[in-house]
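One chain, subunit A, appears in both complexes that follow, with subunit B as partner in the first and subunit C in the second.
Our next item is the complex of A and B:
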């Protein structure tokens, strides 16, 4: 006996999966104070892994702006530095990346 | 649309699941071995987890995680030359009761030191004490070769050319060369991220020396939120700061901080007091825009109860202490600092600073004890009223002064060569609060006249080891001071035009001087410096 999944159900499941996967990304801005754990410099960007000082969660963000990239290249921002960070959690791109102010 | 045959799929899955079990069932030895391996794997996993935990614990307590040590060493050679203007020297060691030797005429002459050697050593400690709380300390020694004091900055008879080099005092310890004592130049605790906001509070012996833009000439990093504008303040203050750095898209790097410092502590007095008050400085520093390419800074600060002299630790006035409050001074400043990349083969750094000082004197004047009383001039005990107050002599008046300071440094990135030029000019009544500046003759930004400076820095093409910021370099420089008026960096008495120093009045010399006035001065210097 040969059974087949009804085409209508398969279509419904396929559509549902598309809706789930491809629903418009909510570009939420995430703010945190985090410590730099790793810096990977590329030609026109950098991937920085940080640890949230509150939750200890790790995040990885992309730094694109030239002024911050300069600081990373010149070692003015280093692993271990504490950063006030804002990034778009949909794209992972940092929109604010500065050492915490003080002194 | 065609469907998937479910019978085929189910059969394949069952076959895949059943087959390994059947194989193991067929060989009990193999099954036992697999079980043993599984146990071993579990044990190994636990071991690795435990090791990770221990490593994390050790790393958490390791020095490198919470303590950073850095520092600097400098050897410096100076050739100093200056031309003394003809003038009349006030002579407190007078012997004639008629006052005939109260003023001694001094001829113009050249004075020089062909070789002054100094060694400076600084050690920085930065401790992350708790989350958001750090402690910074800087220990500093600045010694003159062949001496344990700062006498070499004055003439052979103790001639003092400038008040900020008359002796070392609290605000200049470690910044004006002297003994081999290692002083605590800075120590302060900072609490950041208060209430999770970009707020901070910092208290202790402050980083209120070596402010922007002196980092260009000193080949240091650009200061962040710390520091002061070089044109207005260069004095090691004990005090505090409260700052706020809001995140405003249009104003990157913006911050505002309130600063307070104590310049003189009056001690315990009776209810009626001793005629003195504590000397304090308070103000705010506003930086609305701060990126590598442009930094805009404004500052206002007020000095309260300005003393006639600080407590002198060395020199001919050693033991002198504040005897009278002279009034208050307001300062206003603006500082623009910028960088232009790819200017030819290098990078151009530039700055323009402007400052304004305004005095608010009281009626108090400075009195000098003479050896021999003079009828009609002194008290019977020989106390002479100089009739000089806060930037005035004779008639009390508010004085407004101004100054400009500009310059640039061109960095040839490939060869690590840096070439700089600086110019500053202060008006007749300009007064700043910068005695701790890194200048041998006198703080150049306090000059009533013009100062020109050129310098060249050559870093060694060597790889850093101790930190990414470590470097070694030579620096050659030349300063030329052209003084228009007397009393640069001195707030006691009215400035006098150099050409008027020999003028005579009905009662004798019109402008007798306590200090030796220089018409001009030059300083060639060469250093070898290591930052680690």
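Our next item is the complex of A and C:
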């Protein structure tokens, strides 16, 4: 007996196809928890160097969203802080940059 | 008048960006000349402000609470002394201190709930008198040039743990009404990390009011530093002033009569705040070790817009039991409306002898991961002698009152009146017969069909 494709699977396939279509244009997103080693503030962006807590590898990312920039400027985020970080490895632009700790 | 308030707020909001920069604080010249000596400087022109501040929730972290069950109406409750599973400690048991050295690294650090207090810890939560007045950090809320790296714990010359403040003249020259970041420095780091506790971001993308350049205090307008709040079941302490959406909007703000009819039983937030986020579960009985070798409670979290709220009747009185903190209310109770909530579940130790939730001093587990040592320390501080700790879960309903979505993203007829709709009509107390009607396109079909014809 033939069954109609369950909508959830149809949706999954559809989404998968979308992702495949888009992926060549998009670089991989890298995710890590990392400690800030250096912050260099510029006019409209900041370059932040961090150390991945798992691999000890150093990465350098560009922060250009206003909210995070503001936090870097008025030192709500500091060198030594641990960050939950996502960035685009082709452009080096951070897409997610948040302190792990809080009170 | 409401319309007037709405328009004034909007105009103020739109011109705010310009105003804050352009209109200088009138005390600026004085401060330039005399420097900033803490609240005493402000008192020259704003007399009585510091003293009044000491009586508010932001200083006391407590107030009398009359809408929550199982409390003593004569006592005060708040972050000072509450025990619940979003923060298993409080200002008393988890008082700011230096933790024991990590057995792995030998390093220590400072931790404590009362870091979210605008004092200097030497003058702590609820302190009074001239020294307390002098210790208030006015600038943390009022300066746009505050150097937040100064606001960190340190040991003073006598070995006492204090919290630093930016008391520079530079910061005092940049005074204005509080900007969102002044509020968010505490409010978005509550509960153990960015946007963990309430999980609301206040950005143009996440909130229509933020998109119109409105700020926290456009809604949370305060007189004598009594900052108004609402009825989030988990926000107990209050200064006796409340805000609601209908302070600015009317109870019937829609052109569409069908939508307006719904506001009698459905809160504005239910349709207008379709998403929430932040932590949804935490385990205080097992802490995980971080890269710096210190431990933190294991926390599961989502992004600010990744959680679909749960909807429940709420009459603004709160159920408060060891296993549950949340809304009371029923369909039959005419004071109840359907509200959206973020559900959080936390695991911690309960006392087998009386069933009560035990609290925790974070210092021991933060150093060693030993959570029972944290419970023992808290019990010792509180003078609890007999207890048998058993792990268990508590469910908490957090109000969802921010992140108002653009109006075209509000829940509309077919989001609710459908078999797989946003509301669980059965749990909300509707009968099968009613549910059949409520989930039928009959309720909205012609209306939506007409709307679609208009749009295309």
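As a working rule, the second predicted complex is superposed on the first by the 74 of 103 C-alpha atoms of A that agree within 3 Å, B and C clash if a C-alpha of one lies under 4 Å from a C-alpha of the other, contacts with A are read in each partner's own complex, and residues count from 1 in each chain.
Assume contacts are C-beta pairs under 8 Å (C-beta built on N, C-alpha and C of every residue); 3 or more make two chains touch, one makes a residue touch a chain.
As the structure is a prediction and not an experimental result, all values here were calculated from the model.
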### Which superposed partner A:67 touches (first subunit B, second subunit C, both, neither)
both
### Query
Hey, is it subunit B or subunit C that touches more of subunit A?
B
### Query
Taking the superposition as given, does A:28 touch the first partner, subunit B, the second, subunit C, both, or neither?
neither
### Message
By the touch definition at the top of the document, which applies to A:53: first (subunit B), second (subunit C), both, or neither?
### Response
both
### Query
If you stack the two complexes on chain A, which partner ends up touching A:86: first (subunit B), second (subunit C), both, or neither?
first
### Query
When the two structures are overlaid on chain A, which partner does A:76 contact: first (subunit B), second (subunit C), both, or neither?
both
### Message
Just to be sure I read the superposition right, which of the two partners does A:98 touch: subunit B = first, subunit C = second, or both, or neither?
### Response
both
### Message
After overlaying the two complexes on chain A, where does the subunit B footprint on subunit A coincide with the subunit C footprint?
### Response
33, 53, 67, 70-71, 75-76, 78, 82, 84, 98-103
## Note on the structure
subunit A contacts subunit B in the complex at 1-7, 10-11, 33, 53, 67, 70-71, 75-76, 78, 80, 82, 84, 86, 96, 98-103
### Contact set on subunit B toward subunit A in their complex
1-7, 65, 131, 134, 136, 188, 190-193, 196, 198, 200, 202, 207, 221, 224-226, 241, 243, 245, 247, 252-253, 255, 291-293, 468-469
### Task
Would you pull the subunit A residues touching subunit C in the complex into a rising list?
33, 35, 53-54, 67, 70-71, 74-76, 78, 82, 84, 98-103
### Summary
The answer for subunit C against subunit A in the complex is residues 111-113, 115-116, 145-150, 181, 185-186, 189-196, 203, 290-292, 296
